[in-house]
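Quick heads-up: structures coming right below.
You will see two complexes here that share chain A, one where it goes with chain B and one where it goes with chain C.
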Partner chain A sequence: MSLLVIAPLLVAVTTAVCTLALGRRPRLQRAASVGGAVGYVASVSVAVWALVLGPAAPGAAVYQVGDWPAPFGITLVLDGLSAFMLTMAAGVGIASILFSVRYVSRENQRVYYHPLFHMLLVGVTGAFLTGDLFNLFVWFEVMLIASYVFVAFYGTDHATAASFRYLVMNVFGSALMLVAVGGLYAATGTLNMADMARRLATPDAYGIDPAPVVGLSALLLAVFALKAGLVPFQFWVPGAYTAAPAPITAMFAGVTKKVGIYAIVRCYFTVFATASVPVDLPGLTAASPLGFLAPVLGAMGVASIAVGGFGAVGRDRLESVFAYSSVGQVGFIAVPVAIAAAADPAGAFRGVAIAAALVFALHHALAKGLLFLAAAAVEDATKTGRLRHLGGLAGHSPVLSGAVFVGLLSLIGLPPLTGFFGKFLAFDAAVRGIASNPGPSSALALVALLVGAVLTILYATRVWTSGFWGRETAAVEVASADSGQVAVLVALAAAVVLVGVGFDPVYRFAETAATAALDSEAYVDVVGLNGGDRA
Partner chain B sequence: MTTTIMRTTARVTVPVVLVVAISLFLQGHNLPGGGFIGGVLTAAAFVLIYVAYDLDYLESGVLGREVEHGTSVFEQRTVTAYRRILLAGLVVVLASGFGGMLIGDPFLTQGYVHLEGVPIYREVELASALLFDLGVYLVVVGSVLTIVSVVSAE
Partner chain C sequence: MSAALAVAVGGLFAVGTFLLLQRDLVRVVFGIAVVSQATFVYLIAMGGIEEGTGDLVPVLDTHGGAVPEIADPVVQALVLTAIVISFGTTALALVLSYRAYEENESMDVTEWSR
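Now for the complex of A and B:
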């Protein structure tokens, strides 16, 4: 039991209430919001260092909310995987709120912007921390309710339509998730993830039949893929990303999408991996739910890379390019996860592939956060986001353009930036996947990554040459970038460079996270399922 | 809808609905009911008044105040009050969660005491969960009534 586990959640929820209470004092509200975000970063750093990474850290810790013992109460678990995701959320969150204060108009900031921002953070934090399947559903809802409002925030036709699509999709997704969670409860008799892992490992001892788990996990996979914006559930992404305020889009791309990826990794590799269920579908036979995950998620990832890449090449607005690029990049995260699912459970390779996915997720959070914010700064300065109205920005505002340049290069994957390691590890996983599991599907994964990489070079180059090189257009000539916004961009660009230059500790962190994701026994031990022992 | 039948029905049902709402709220921590359902019922009683009379009736008829139609529905006094109720509810929920932490228990830990020898009731159970429920009740009443008054004003 450590208070540090729940600290980030409490900081975020307290900040949300404080900013709501300060609605009539805009200056204080902004200060409280930024202060709360700083507090969030501090609590995450302290918790991660003291519990996971530090020399005297136990590696993982648990918090039983309301003093109800697991598996009866709600358990919060901070292990390597949660720590990695929380660190990412804290980094993108602070950049996003600092940018918001300078970017979103004062009037709009007063309309519940800050409370909702922190509620979004609350939902994300809860989803990363919870060790209970139903509670995961609840945190998804908290996150979504804040997201709905943000997508509809500007109240334009485009925003209302995008928000409605987003709402319908996700209400349907939530219903599916509820069905799946209920089904899993009926099949295994528990909602606690650790308890479920334990019961699925030894089904006979608990008198349960794990056979329905594969189908129910497939329902969950569909919901998580919807949250992550993987093909065929990607169509809400471009609309929602272009409609929401830009700092929130950075949060959507950098953090809430990763919640979907996190949930896939956590549920499949920590919980469902312990089950041994024969899967026998047309064209697919396997011995565990992971055997089902591998081809399905692989196909989704490959399709996302293709749809995102080809979609991004033809767009005219900066935000749309990055929104489609975001769909493609999530494919780059999904493919290593699928390769890990196909890998030998006993080998070390599975952990390597998960670590590759996590590093790519971190790269995407930083680089895409930077690029979405930069697109907003460009639009704020030039009053247009259309590439055909832009040109010559590199000469006009070199610092802003420099930050964009770093982001684009990281997207392409040039060393020593973070993106290089993300792509390098993804390719490494794909090549090793072919070696350990030769066949057309492994080869297809590698080809998809190659095509995706080429498409990334294509659209990144196009953005740079048409928007930042060449002669200054009329819109650019009168542009003046806000120095506060540029400062946030520079800080993010510096983070992209620094994570790449000092990559060794980051990779060790990712390895710790991957190990935690795969070690179901350690997870069960940490949660300490001693509920009922007292009786 | 401000017919005599509607008004008479509202006059009879609103007190009943409110009493049921409060009883559901009070028993909610160990019987069916709770802050959420109590709050929804209370809001329903107010909505009934809104339907039977009109949006300004609460201020002009009940509180005997002049109704100021400002520039935006958000600035109206009743709506401001509802939003304050919502905020107060959130504060109460948070405070009841932190309460247990002051004596070293985890967040949201609840406790209860049985009081013996109380006049009329003889035995009363005081549960800290009721405080949490009160917060939920206030959040629900505040948010539902804000939504109803803003949407129906349009």
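Now for the complex of A and C:
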């Protein structure tokens, strides 16, 4: 029981309220918003260090809302996996809000921009922390309602259409999630994730039948894949990403997508992995829900890599290129997760593959955050985001171009940048997956990663050669990049380099997170359900 | 009772899905509302309906007299939360559909240019 667990949540809520109250004092509101984001980073750092990573840290901690004991009240848990995701959210969040202050026009910032931004952070933080399935749904909704407004923020024909489609998709997704959550409650008799893991591990002791869990978990998988923008649920991504204000797009790509990935890892590996249910479908037999997850998520990941990669190659707008690229990169995160699901539960390899997915998620958050912000800075400076109107930016604004260059190289995966380790570990997982589980599906995963890597090189090169090299076009000649925006980009580029250069502690953090994700017993212990049945 | 609930949930989902697939904006918003209602009925049904006893519901011991069938209070709390969220989302969807109509000058989703 520690108040430190919910410190990031409290900071974000307080900031949202303060910025709402300061709506008539724009200068103060901006200061409060940035201050709140700094406070968020500080609270996440302190909580993660004191509870997970530090020498005297317990490794995980829990906050029981209203002091209700675990299976009855709502539980918030900060363990390695949550800590890793929160750190990522804090990093992208602070960059995004600093950039917003310089990028979004003053009038637009006054229209609830800052309160909404912090509500988005609240939703994301809650989703990462919660240990209760229904509560996860609620945090998703908090996050989504802020997202709907942000997609519609500019109020143009494009933005309202994209927002409406995004809303309808996600309301249907939420309905499916409620169906899954309700079904799981009926099947297992609990909503608490730790309690559910415990009950699924020994179903006979609780008199429950775990058979429906496979189908219900599949519903959840569909909802989480929708949030993560995996194929075949990717079609909202380009519209929403190009319609939302650019700093928010960086948040969408860097953080809210990762909520979907996080939820898949948490629900499947921590909770459903404990169940042993025979799965017998045409062409698919397995002994647990993870056996179902492996081929399905693998196919989704492979398809995402293909759709995202091929989609990105042909786009003309910088934002569209990166939006499609984002679909492909989530595939790169999903494939190692699928490989982990197929791996031997007792072996150490499963943890390695999860860590690979997490490192790739971190790389994607940093690099894609940087690139979306850079695309916005370019558009702000040149008044065009079209590659055909761009050219020669490298000579015109070298610092901005340098930051973009670092981002593109990290996307391609050049050492010593973060992207290198992301790609390296993903390939490592795929190769080891073939060794431990030989067959056409493992080989297909590796081939997909290779094709995806080639496509990444292709569109990254295309962006660089047509937008930044060559003769300066008319739009570029008159361009002047905002120094504040460029400073944020340089800071993010430095983060991409530094995380890559000092990769060892980052990897150990990812390993801690992967261990936490896989250790259901420790999760149950932390929540306070060990020894005896309280119910 | 279970059969009636199952039919109700199935019917609501069918109607909601049908409305969601329409081209008219307002019907899509109605579809959102109906699908949400379908999940609420489903959630209530998931709680099960069983004979109430003092072990299950302490207040019944002192209530006196005959006790009618009771439902699981947890799902009621869930549905209450979900209704509030759904109310907000539906209101936002209505506002958004009006604005999307103004900007795109059509209630027909397929006629939107982007």
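Everything below uses one rule, namely that the second predicted complex is superposed on the first by the 529 of 535 C-alpha atoms of A that agree within 3 Å, B and C clash if a C-alpha of one lies under 4 Å from a C-alpha of the other, contacts with A are read in each partner's own complex, and residues count from 1 in each chain.
Going forward, contacts are C-beta pairs under 8 Å (C-beta built on N, C-alpha and C of every residue); 3 or more make two chains touch, one makes a residue touch a chain.
Everything quoted here is computed from the prediction, not taken from an experiment.
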Exercise for review: Could you classify chain B and chain C on chain A, in the superposed arrangement, as clash or fit?
Suggested key: fit
Study note, to complete from the structure: chain A contact check, chain B vs chain C, more residues touched by chain C
Point to revise | Touched partner set for A:D67, first chain B, second chain C, both or neither | key: first
**Study point:** Touched partner set for A:T14, first chain B, second chain C, both or neither
**Key:** first
Exercise for review: Figure out whether A:G215 sits in contact with chain B (first) or chain C (second), or with both, or with neither.
Suggested key: neither
Review point. Which partner does A:L191 contact after superposing on A: first (chain B), second (chain C), both, neither?
Key: second
Check your understanding: Once both structures sit on top of one another, what is the angle chain B-chain A-chain C taken between CA centres, to the nearest 10 degrees?
Key -> 40
Exercise for review: Would you check which partner chain A:I6 touches, where first means chain B only, second means chain C only, and both and neither mean what they say?
Suggested key: first
Check your understanding: First (chain B), second (chain C), both or neither: which does A:A175 touch?
Key -> second
Exercise for review: For A:G402, select first, second, both or neither according to whether it touches chain B, chain C, the two together, or no partner.
Suggested key: neither
Check your understanding: With the two complexes overlaid on chain A, what is the closest approach of chain B to chain C, counting only CA atoms, in Å?
Key -> 7
Exercise for review: Mind sorting out which residues of chain A both chain B and chain C touch, each in its own complex?
Suggested key: none
Point to revise | In the complex with chain A, residue positions of chain C that touch it | key: 20, 25, 28, 31-32, 35-36, 38-39, 42-43, 46-48, 74-75, 78, 81-82, 85, 88-89, 92-93, 96-97, 99-100, 103-104, 112-114
Study note, to complete from the structure: The answer for chain A against chain B in the complex is residues 1, 3, 6, 10, 13-14, 17, 20-21, 63-67
**Study point:** Residue ranges of chain A touching chain C (in the complex, touch as defined)
**Key:** 134, 137-138, 141, 145, 148-149, 152, 155-164, 167-168, 171-172, 174-175, 178-179, 181-183, 185-186, 191, 239
Study note, to complete from the structure: Within their complex, chain B touches chain A through residues 87, 90-91, 94, 98, 100-101, 105-110
